Amino acid sequence: MHTFISVLDILGVIVFATSGALVASRKEMDLIGFGLMASLTGVGGGTLRDVLLDRPVFWIADPKAIWICLGIALLVFFTAHKVQRRYPLLLWADALGIALYGVMGAELARLSGAGPLVAIVMGMMTATFGGLLRDVICGETPLVLRKEVYATCAALAAATHVICSTAGVPFEISASLGFAAGFILRALGIAKGLSLPGYKPRPGREY
Amino acid sequence: MHTFISVLDILGVIVFATSGALVASRKEMDLIGFGLMASLTGVGGGTLRDVLLDRPVFWIADPKAIWICLGIALLVFFTAHKVQRRYPLLLWADALGIALYGVMGAELARLSGAGPLVAIVMGMMTATFGGLLRDVICGETPLVLRKEVYATCAALAAATHVICSTAGVPFEISASLGFAAGFILRALGIAKGLSLPGYKPRPGREY
Amino acid sequence: MHTFISVLDILGVIVFATSGALVASRKEMDLIGFGLMASLTGVGGGTLRDVLLDRPVFWIADPKAIWICLGIALLVFFTAHKVQRRYPLLLWADALGIALYGVMGAELARLSGAGPLVAIVMGMMTATFGGLLRDVICGETPLVLRKEVYATCAALAAATHVICSTAGVPFEISASLGFAAGFILRALGIAKGLSLPGYKPRPGREY
């Protein structure tokens, strides 16, 4: 099980670092800028999670995650021009990331003794934080402000995992179900524009 | 006294969560977006305070604050259209919040052994942080950039409480005086446009 | 050596606080706004560093840094109009800051037992964080998004210091070399527009 957690964590770093490097390419940064954005986005959510749970920050304890972020920055810097349309790729990398971190944030909160609600909120916050950093720093519209389902997917991933775990489902299955639920919902958001009913002010009302 | 601290803390969460949910309504988010913005704004300042003071994060230790944020998100999602003008309501909720968190941030810093200056700065930072998060994520102009008194009100609330406490005034009275001073000043800012003299570049100078 | 670290730390606070107060002057804030921006920018990077390394936050342990930030806010509020062009001054203050914090962040990470890579990344992150806070809150374009070398300078300062230290060079010399390398590179960026080759999308490609 410990191995499975590590694998999920590394996958989350990879996909978020990729999304960070892709934003750096949209902003035409230099190679070090790619490294900074890949690192901030790749480890941002997990860093917030570790600081809030008062655990040692994972990439300080083991620099593997940073090597991965820098490697991805290098790779994207030299290959991104081969990708016809980079923004969709960024969205899909981010989608994998929020589903993975939604589950991981919830699981690590549970392991720290948090109850189900705190675990779900921790999953939602840490899954969306790296991308928020990325978008706010680079002046992109944060994905949480777009119409399609976004925070909902992180919450669904976290909630599915927490509910299954509480019901006694083994970790590997529970985490996989949570990941699948969050990712499929987000995929419907990206591909089909699926959205939940948003708040609608009544016409004629000021605000 | 412990009860009184808890009551102030919960009041602060309530009013900041309300302001977060109101911003979510201005951005026409879905229900989960309301939950995320209410939670980030409601617990943001207190979370920063706890991390800086190396205390356990309050909403992880006791999830009550999160239930409150989610309840407020639900309430605002279904009732905000009844409010004729939501932006002023947001400003007033935020005003209550900065006065409350100005006092609370200062008090908890004092309890951790910080001197008066650090306590006042901690009050000012934690009172303005949740609202900054809310405004930066949602692309609203941060209130700290507007002309009317804002950070000043948090600083006044914190300073009043710290000075009275140091002078031996009992906590309930001292905290109430600090809250009243900060809130009244901010009320004058919102209602009358009260502002301190801002920095004015000399005409004809470049910058 | 301990004294030398303290001196560098205070110098870093001074120059970043100056850059924060100068941004406050560009936004025509009031005196308390100057104090808030000087404090956030002055202690922001060091605060992130201390939270990540799980050290006591330096300005809570010793409020000297806050007194300095507030003193600089006062000074800049009353004298900035004498400066013909404030934005270049802000850039130069920031340049000193990133070179100083690049070295300090790396050194404190090393003292906490981190390896060279983590030390360099910590230097780069903490050197750029205060300025990012300043620019994001005030709606300025973050310097990391501009074409001239920026994050690279922090990384160079940190890497130079880490490499020299590992090679056994005494701290004072190693830190000075790191500072000089980072600052000179940034100076070339500000004065001559020096930039690394940025990512260039191929013409005719969408993104």
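As written, the chains take the letters A, B and C, and residue 1 is the first residue of each chain.
Here is the rule we use: contacts are C-beta pairs under 8 Å (C-beta built on N, C-alpha and C of every residue); 3 or more make two chains touch, one makes a residue touch a chain.
Not measured: the values here are computed from a predicted model.
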item	value
Graph class of chain-chain contacts, one of line, ring, star, complete, other	complete
Residue-number overlap at the subunit A/subunit B interface, same or different (half cut)	different
Separation of mean Cα positions, subunit B and subunit A [Å, integer]	28
Residue numbers of subunit C (touch at least two other chains)	51, 136
Partner subunit B, residues of subunit C touching it in the complex	24-36, 39-40, 47, 51, 56-57, 59-60, 63, 66-67, 77, 80-81, 84-87, 136-139
In the complex, subunit C residues that touch subunit A	51-54, 109, 112, 114-115, 117-118, 121-122, 124-125, 128, 132, 136, 141-142, 144-145, 149-152, 155, 195-202, 205-207
